[in-house]
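Labels run A, B and C following the written order; every chain starts at residue 1.
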Amino acid sequence: MNRVAALLLACAAGVAALPAHAQKVIRVWHTETQPNSQEVMRTIGKRFEAKNPGVKVEVEGLAWGDLEGKIMASLAAGAPPELSHGQPITCTALQAKGLLLPLDDVVKALGEANIWDQVKRVCRVGGKQYGLVHAAGTSLLIYRKDLATKAGLKPPKTWADLIANAKALTTSEMAGITIPGDNLFINILLGELLKANGGIFFDKQNRPQLTAKQMIETLEFIRELTRYAPKGWEGHGYLETFTNLYGQKAAMMYQGYGRGAGLIEKSAPAAMANTDHFDVWVKPHGPSGKEPAAQVDEEPWMLFKGAKNTKEAIEFLKFFYQKENYLEYVQTVPIHLFPITKSLRADKDYQATPMIQRWKSWIEVQEGYLNKDQGKPTLVIDWDDMTSKPYLMEVLGSGILRDMVMDVALEGKPAKDAAARAQKRLEELLKSKGYLK
Amino acid sequence: MRRALIAVGVAALLFFTAFPFAWMITTAFKPPDEIFVSPPELLPRRITLANLARLFDETRFAVYMLNSVLVAGATVLLTLALAVPGAYALTRFRFRGRESVTATILLTYMFAPIMIIIPFYVLMRALGLVNTHAGLVLAYTAFCLPFALWLLRTYFQAIPVELEEAAMTDGASRAQTVRHVLLPVALPGVVATGTFTFILAWNDYIFARVLLAADELKTLPVGIADLYNASVVDWGMIMSAGMLVLVPVLAVFVFLQRYLVAGWGSGGIKG
Amino acid sequence: MSQHASARTGWLLVLPALLLLAALTLYPVAYGIWISFFNKHSFFPEQEFIGLANYVAVFGDEQFWHSLELGAIYSVTTIVLQLTLGVGGALLLHEKMPARGLIRAISIFPYVIPTVVAVIVWKWLLNSQFGLVNYALESAGAIDRPISWMGRDWIMVSLILVSVWQFFPFVLLAVLARLQTIPEELYDAAKVDGASALLRFWHVTLPHLASVLFVVLLLRSIWMFTKFDTPWLIIQGGGAEPYIRTLPIYTYQRTFAYYEAGRGSAMAVLMFLMLVAAAALYFHLWRREERL
């Protein structure tokens, strides 16, 4: 027994001592967990290693739920990765604490004018770019074109139109619309809808505005809309809503994304996998708003100050965005991973990607939102929020907004009461963090 | 009549336990368009090996499996190496503080594992053991040790000390006695303890998630969870992963269950 | 061997285990208790000492009490079901039957697989649109509309179902092993005295099982009360989380989503104290079983 123990401990010590290469290691954490995306990221890493001997790239793909926890654990241990994806509001929060380094070198290498304005707005503080979006897609209102045409439905301009359409499309077999019930997506939905209704979450003094008319109307709209959602929608995750759509259990999807096109092609009946059956409408606005609003799914790369090999990491990012690599990357989920550079968007190889050809209208709607500045990251109403409100990350994680929506939509509480309760909880949260006196 | 009731009971038990696995296996062999059908069909119309192929081509499942076996195996060895002498000391020796040691062991389980994650990570970082299998093995050993000590202690307590005293009177040294008299009798208990330790290490998710960064070091729970969370949920592939996790376990278990049942029993948890 | 040498050898043998435990378990626990007296952002190093303020805040937090209630419902229900199924299953498998080894092995399966696999399989079975369970229930006429197993009304049931399925074999194994050591003569004597099966169970089997059940009850209570993996994995990818927000889940959220490490630690300490109190109560009630 003792011999075995001794041998084991010796092995453990040996293994622990092994990774002491003279190599420079760049750790890269990303959130594109699809197997093909992961493979491409690893390949890009290997290509970079081939060009830069003495450098090792460790790529890891993580789901959202785990990423935040890992970033936190690594920061707590004083050993963050060199590069990581993150939500735009996470980037802002980290930058506010001085934990990030600027990526202006990479911006210069790509060409400042070459990057969409929408993208540059994310995590730009004091004229410096602290986060660089890896790809930008917007949320989409996907609908069954064949069914809508049959019912003679028109594109919804207002919320009332959307409710009417949902009602018209509801049958005993199929719900009118499907929306995800988990925390992240309810927050995304609320952000979109509030903006489309001309409202704000917090005023300039960081006071929550949940009891304002715009939010009440939004809550009541959600309650109405979810009447046409499948029973138990509150337990549906993001991926399940796609399943509902192509499994023909729901006729519309408020929070679809470009990757839906890939899922439809993979799992819907072959005859239906096209834009004649699944197309997108521009989102409607609310009674107190004027314009549509969509969420931009644009997670920035962040470069951590406390990491070891930040110079090499910058070189890696420049390499990542080079056409040969970047094109392969965005092609792993074509309609969803929208390139941040105008040059790649216009590039004929990109245009020729078969999926892009097939689902053109989906791309055009996304571009429309981006060009008209109607797309914003989660919980961001105005671009200012990104720098003036570094507490959005905690607001998202707290689930307070989601509980409010559930109170109204599931528990049948009056919107005013639910909003008042959530307002109180938010005030307590902000006070404890020192953002509110 | 009694036989019939027993048969029905056993059938129900087996159905409850095994049916989900059977469903997992049939799904693993179904092509995608047969998975999302309503009403669901029990058996695949066309059996396909494509899900399995995808599992091995597109993911590092084989690596995850190997990692799990290595880590869990090492944990068992280290845990037993520490727990056997420890439990032996707790039962065969009188020394001050013996009882409080036992109580402390139980107490350490009462602090929810999720809360010690961050200080644990910081500690591992200081030791340079983050992103290594060695660090994970240490974590699991620490986690399994209290239970292992307690289990082994009860087994050793049930074995009459007279056996060893007789051997030592005959001139055997303590070490010889342990090896030739105690351990053979206690073997079922040791195997049972080792097996429970293996299971705890094999199934852990949260420590592996936080302590490991590199994909090629991942263990099965983390690897499978990532597959599940991946943007395109490939049920066929996930179910084949689950199925493959089963097969070696089934084999090991049929072999070990004899020891497990005997081990628990002789573990003298007597009144 | 002299008394001194004995004691010394004894300590030497147990020391490696104790050192490992002290370093890797006691330190993090101590740190957790320490930090519960501070206001600390989980991400960043700044912290300020606030004494018992975290604990006061926790007691005044309605979500804490709600989570405690959910956790209690979850623990008690799963434990009762695990015990029932485990004891029943053990009694069944104690009988002679062909392929007994194989049947026993299969019965233990759910305990052996990673939680993530158990959750994935059951989430698929319980899928409201495509799952087999709804289909079976509808075909049997038990329900006329699909049940939404991950929705607000049924998610607690789903969680309990998966947890019972996964952990009842632990009880089964323990009880079965103990059953095998009960001498046949006791049953024979009881039969001779004219005792029915039920009486035999009550007077012969149960007393022998008492100590095993005591241990099993204690361990399962600790583990179900602090269980994090199962509810957490059910919530991933969709599941009405507020309705299974047990204390471990809420504690995790306070630490990793609200980023309040101090508050989270305070809640963990309170959970710990609750368990200690419960364990003390157990031991007091079952004092004669103390020599475990």
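Everything that follows uses one rule, which is that a residue touches a chain if its C-beta (ideal position, glycine included) is under 8 Å from a C-beta of that chain, and two chains touch if they have at least 3 such contacts.
A quick note: this is a predicted structure, and the numbers were derived from the prediction, not measured.
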Topology of the chain contact graph, where touching chains are joined (line, ring, star, complete, other): complete
Contact-richer chain pair (by C-beta pairs counted) among B-C and A-C: B-C
Most distant chain from subunit C by Cα centroid: A
Rounded Å distance between subunit A and subunit C, as computed from the means of their C-alpha atoms: 36
Inter-centroid spacing, subunit C versus subunit B (mean Cα positions, whole Å): 16
Interface hub residues of subunit B, defined as touching at least two other chains: 36, 38, 82, 85, 118, 138, 225, 229, 233
For subunit C, residues contacting two or more additional chains: 16, 42, 129-130, 236-237
Residues of subunit A touching at least two other chains: 5, 63, 65, 69, 72, 76, 239, 243, 247
Interfacial residue positions of subunit C with respect to subunit B in the complex: 1, 3, 6-7, 9-14, 16-18, 20-21, 23-29, 31-32, 42, 88-89, 92-93, 95, 97, 101-118, 120-122, 124-125, 129-132, 135, 139, 165, 169, 173-174, 176-181, 207-208, 210-212, 215, 222-223, 226, 228-229, 233, 236-237, 248, 251-252, 255, 261, 264-265, 268, 271-272, 275-276, 279, 288-289, 292
Subunit C-facing residues of subunit A, complex: 5, 63, 65, 68-69, 71-72, 75-76, 94, 97, 180-183, 230-240, 243-244, 247, 249, 393-394, 396-399, 402-403, 406, 410, 429, 432
Touching residues (chain side subunit A, partner subunit B) in the complex: 1-2, 4-5, 8-9, 11-13, 15-16, 19, 27, 29, 32-39, 42, 58-63, 65-66, 69-70, 72-73, 76-79, 81, 239, 243, 246-247, 259, 262-263, 266-267, 269, 333
Contact set on subunit B toward subunit A in their complex: 32-33, 36, 38, 54, 58-59, 74, 77-78, 80-82, 84-85, 117-118, 121-122, 125, 127-135, 137-138, 209-210, 213-215, 225-227, 229-233
Residue numbers on subunit B that touch subunit C, as the complex places them: 6, 9-10, 13-14, 16-18, 20-21, 23-24, 27, 35-40, 82-83, 85-86, 88-90, 92-96, 98, 101, 105-116, 118-120, 123, 138-139, 141-143, 145-146, 149, 154, 174, 199, 202-203, 205-206, 220-221, 224-225, 228-229, 233, 235, 238-239, 241-242, 245-246, 249-250, 253-254, 257-258, 260-267, 269-271
